[in-house]
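After this come two complexes, each holding chain A, first together with chain B and then together with chain C.
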Partner chain A sequence: MQTLTQLILTGLQIGALYVIFSLGLTLIFGVMKIVNFAHGQFFTLTALLIAVLYPFFAGQGYSHVMAFSLVIAIGILASLVLGYLLYQFGFRFFQRDLAGSFILSVGFVLLIEGLLLHYFGGAVRAVPHFVEGSITVLNVNVTYQRLVLIFVSLVFTALLYWVLGHTRTGKAMRAVSIDHEAAMIQGIPYKKIALTGFLIATFLGALAGAVMAPLAMVSPTVGADYLVKGFIAVILGGLGSVPGAIVGSLFIGFIESFGGFYFDPSFANIAIFVLVMIALLVRPNGLMGNG
Partner chain B sequence: MDKKTISGSFVALAVAMAVALFLKDGYSANLMAWMAIAALIASGLRFVTLIGELNFAAAAFVGLGAYAAGYSLTILEWPFLVSLLFAGLFSALIGVGFGYVTLKTKGPYFLLIGFAFTEVIRLIYTRINVLGGNSGMIGIFPPDFLMDHFTVFTVGLTGLLIIIMYAIEKSYLGKCFIGIRDNDQVVLSVGINVHMTKVLCLSIGAFVSGIAGGLTAYVNNVISPADFSFLLSTFALAYLKVGGEDHPLGPIAGAILLVFLGSIALRFGGGDHIFYGIAIILTLLVMPKGIFGLWESFKSSRKHVDVVQQSAKGGQA
Partner chain C sequence: MKLRNKIAGMAVLACSASLLSAPAFSQETIKLGLSIPLSGSGANWGIGSQWLCDEAAREVNASGGVKVGGKVYNFECVAYDNKYNAAEGTKVAQTLLRKDGAKFIAGSLGTAPARAMQSLTERAGVLMFTTAWGPSIKGPNYPLTFTQMNTPLELVEPLIRYIKKTHPDIKTVALLNPNDASGQDVEVIARRVWEDVGVKVIASDWYERGTTEFQPIAAKIAQLRPDVVDLGGAPPPDAGRVFKELKAAGWKGIQVVEAGTGADGLMSTGGDAAEGTYLGAAVNFDDPSATDLQRRLNEGVKKATGESVNAIQIGFYDAVKALKAAMEKAQSIEPKAVAEALPQVTFEGAYGTSAFGGKDTYGIPQQILVPVIVTQVQGKTLRQVDRLDSQELKERLQKASQ
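What follows is the complex of A and B.
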């Protein structure tokens, strides 16, 4: 029973991280119909900046909370700037061009990863937890950091649902993702909505990097692993579908948690792939995709 | 494929092989072999774009070929040519299975599942002890009679395969592939099995990638799982994009140019990731159709000028 609770909690925690990450991927696909491989770079940049700047600010005499708030803000802001630049000087010209935008994003991945490796070195860095300590739930010890991750994921998923369901921008985004031409006829400013969607996705990618940083080792290539899983989650759930991304991410989280415990981590990864292949045989557009 | 193209391409191939024959120092010979293999991988990628799909699993097929060649040569001790052929056939076989399942999907789904496939296959190598796990396999040497001229052999074989792929592209089958890309419903309506035709196209691409992988193993003598990550597909895509995907010579030109420039970048200690990244981004933004696209538009604009001048003359007369 204790093991089961432990595994479920681990699954939830891994899944929660993938949820934040893959919501960004699915949002960009929905609004701009592009596949953005560079999404992992927002994640990496934020995590790296936190890992590098936290010791610096802590050394300057800032308190733990202050230093963390500062580095998280800087990390996410830097990713947003990067996202804006990528949009303005790249993706803007390749909207609704699947092959073109994909290849462009691959170019950005190579460039940014090369630059990060050049400036930060290949070394692996550790980041202290935001909040120390742990709590015992049903005989299982859970660190607060993991609870923070699950909490952040819940809050931002709910927020995204609210934005998409109840705000003008969100409704416009949904309209654009269904039929962008019809949306433009209705007077929805497509370009502005595309940029907003891209920046929200960038923010989600950066946020995932920020909450992941204390839980795993940070290196300039850390984004690539999450990118594979994030995309698998999105394929499984259906590209462009928000509930699909959530279901897909939780599915991957649980397989990783249970498969990793009863077999081993690489077995879990192979199992995920095989299961997704089977799912695609039955539903070629993902579990919740419709086109 | 008309006779002029056939004879022209064989003459070009003979010239390339003659150049390879005269490369005495080891590094430049290897560089030329790498260019030839890169051109083959990129051409294989282009071949699958005929059905309108971006085959990001190409790196996986190259890896399968390399491991098939390495395993059959060093452990099963098969003869060289048999092991090379086995590399291609093994990749093609996996390609049939992979294609049968994944080609039911299209566009982004196919692309992303290929990406995942590449990473999973890489994971599988590390789990199999007989394949050397994480450190890979060593001692994959070409036979003695080819040792000194392996680059000539590599250039010849890659050239031949590229010509065969072009011949298929120009054949009835190639028309079917392009028909599927443009509108698969039309192809379906004349009674062609669209799904199996797509699987066939992918398998031919996988066969070619497998041969390229086998050649990689023989040229480098060592292989490891890290050599066949999705970056390999990414680089192949860069060759294809920079050269221009609309022209069969595009991937060749792109491969030669980028492998050459990449080797110079390495000599200056620059990271090749940054270099390839910039190459892809600049190409897409400045010349979306690649070098050959630029060339075509240059030719057509000159033709246009000629026509204008002639009509102007005609008007005067």
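What follows is the complex of A and C.
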């Protein structure tokens, strides 16, 4: 029973990170009908800046909380600026162009990863936990840092739901994702909504990088691993479906947890791909996709 | 006419002057290729290796270069990122051999990319040094391949026997290795040696390089409650993460990393959880007993990577020095001739006088003869706890001095 509880909690923790990451991916597809492979770079840039700047601010005498808050803010802001630049000088010319946006985003990945490798170096960096220590929940030891991850994921998922369901901008994004021409006829400023959606997605990618940084090994290539799993979650859940992205992410989290425990991490990775293939054979548009 | 004659005369004078001042030998450059990880968990190994190759090449060039057949050759190290996997290793191999025309590979780091490289170098007649661990990468079928560091066959047994001697009560061990050639090579040997010393292997698991989430596997290992966790071929950042997750899961025991190259990478991700870890591929050139050369190399690598030098990187320095000695012995820069001369020479490497041998083990003398050093993380620093010098090298040097 304790093992089962441990594995469920682990699955939730892993899935929580993928939820934040994949929500951004699915939002971009929903609003702009493009696939953004450079999404992992927002994740990476934020994590790298946190890893590099935290020791600097801590060394300048800032308290742990203040230093962390500052570097998270700087990291997310930097990613938002990057996202804005990628949109303005790239993606806005390829809206609703799946193939073109795919090629463009791959090009951006190569460029940004190369720049990050050049300026930050390839070595792995560690980030201290935001909150040290652990707590026993249902006889299972859980670190506070992982609880923070779950909390942040819950809060921002709920916030996104609220924005999409109860705000003018959110409703406009939903309208655009259903039928962008009809939405434009109704007076919805499509270009502004597309930019807003892209920046929200960028923020989510950056946020995922911020909460992941203390739990993983940060390097300029870290985004690539999460990008693959994030895409699997989005495709499994259904491109453009927010609930689908959540379900897909949790699915992957649980496979990693149970597969890694009962077999090993290598097997868990293979199992993810095999199960996704089976799921897509049964539901080609994803578990919650609508075609 | 007079002006034309004057100009012609000045031109002749200028040519004569340049001929008189020309060096006795003309200088050419020999490219030394490097296939190394420059990103990811193994990046510091690669960056440090590149620095050491450049440093050795600089020393060779500064001391007059390599003198072969009336010519002087300088060395130039050319490195590409193999990302520690076979696919990138293949691309790097193609680039070095086809585009750069390298005839010598001064180092190939990682068994998977080394195998990709070897599949080209042996056919193309290119001499390759490698840190690859597996015995399958050496042998009479691969006469142009030389190993530039101790492999599991040399270091696993002294390391494990030392641990068992120091902790006689240990009875069980769990192994975890990267799921590639490096990990597979060390797992086979570690499993055998643990069983030989009476410690039962209760689990042997694998993870993909690039994994960042180790909690599930750490939970599994912790639940088995092994006395020892042996992370074999895992690079230090990965190992530190695993030990951190094991500590969070409540496990306490003996921690071992055969490919453990230093405390810095281990502690950066493992923090306090790295304390007490035994490492098989680390050296402590901060120790008072270190030579001036060792200190200088250590300082240089620290500047380049932020971490102390380790046994994997040192081989890149030694390989360059070995090449110089072998080329001058063979009086040839043809890889096959150099390969025949390599086992016959001694050279001054980072550990002192070194050579290549290991014919009794591998059937052909392709293994660098350097000491095995066992270290442990104690109080956030690395301490040498045991050292085993190469018996074959000792006998050879004794014979040479008689």
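By definition in this document, the second predicted complex is superposed on the first by the 291 of 291 C-alpha atoms of A that agree within 3 Å, B and C clash if a C-alpha of one lies under 4 Å from a C-alpha of the other, contacts with A are read in each partner's own complex, and residues count from 1 in each chain.
Note that in this section contacts are C-beta pairs under 8 Å (C-beta built on N, C-alpha and C of every residue); 3 or more make two chains touch, one makes a residue touch a chain.
Everything numeric here is computed off the predicted structure, so don't read it as measured data.
Bringing the complexes onto one copy of chain A puts chain B in a clash with chain C.
In the superposition on chain A, contact of A:Phe261 is made with chain C only, not with chain B. In the superposed model, A:Leu98 lies in contact with chain B only, and not with chain C. By the touch criterion stated above, A:Arg125 is placed in contact with chain C alone, chain B being left untouched. Contacts of A:Phe108 after superposition on the shared chain: chain B is touched, whereas chain C is not. Within the superposed three-chain model, A:Met217 lies in touch with chain C and out of touch with chain B [touch as defined at top].
Within the superposed three-chain model, A:Leu117 lies in touch with chain B and with chain C [touch as defined at top]. After overlaying the two complexes on the shared chain, residue contacts for A:Asn269 are found with chain B and with chain C alike.
Legend: residue contacts after superposition of the two complexes on their common chain; A:Met277 is shown touching chain B, with no touch to chain C.
Stretch 217-225 of chain B is the one among 73-81, 145-153, 217-225 or 289-297 that clashes with chain C after the shared chain A is superposed. Touched by chain B in one complex and by chain C in the other are residues 117, 266, 269 of chain A.
The touching residues of chain B, when paired with chain A in their complex, are 54, 101-102, 104-109, 111-113, 115-117, 119-120, 123-124, 126-127, 231, 234, 237-238, 241, 271-281, 284-285, 288. Put simply, chain A touches chain C in their complex at residues 3, 6-7, 10, 13-14, 117, 121-126, 128, 134, 141, 143, 212, 215-217, 219-222, 224-225, 256-262, 264-266, 268-269. Within the complex, the chain A residues that touch chain B are 29, 35, 89-90, 93-94, 98-100, 102-104, 106-115, 117-118, 228, 231-232, 234-235, 239, 266, 269-270, 273, 276-277, 280-281, 284-286. Across the complex, chain A is touched by residues 37-41, 43-44, 46-47, 81, 83, 179, 205-208, 210-217, 219-220, 223, 237-238, 240-241, 248-250, 265, 268-269, 271, 305-306 of chain C.
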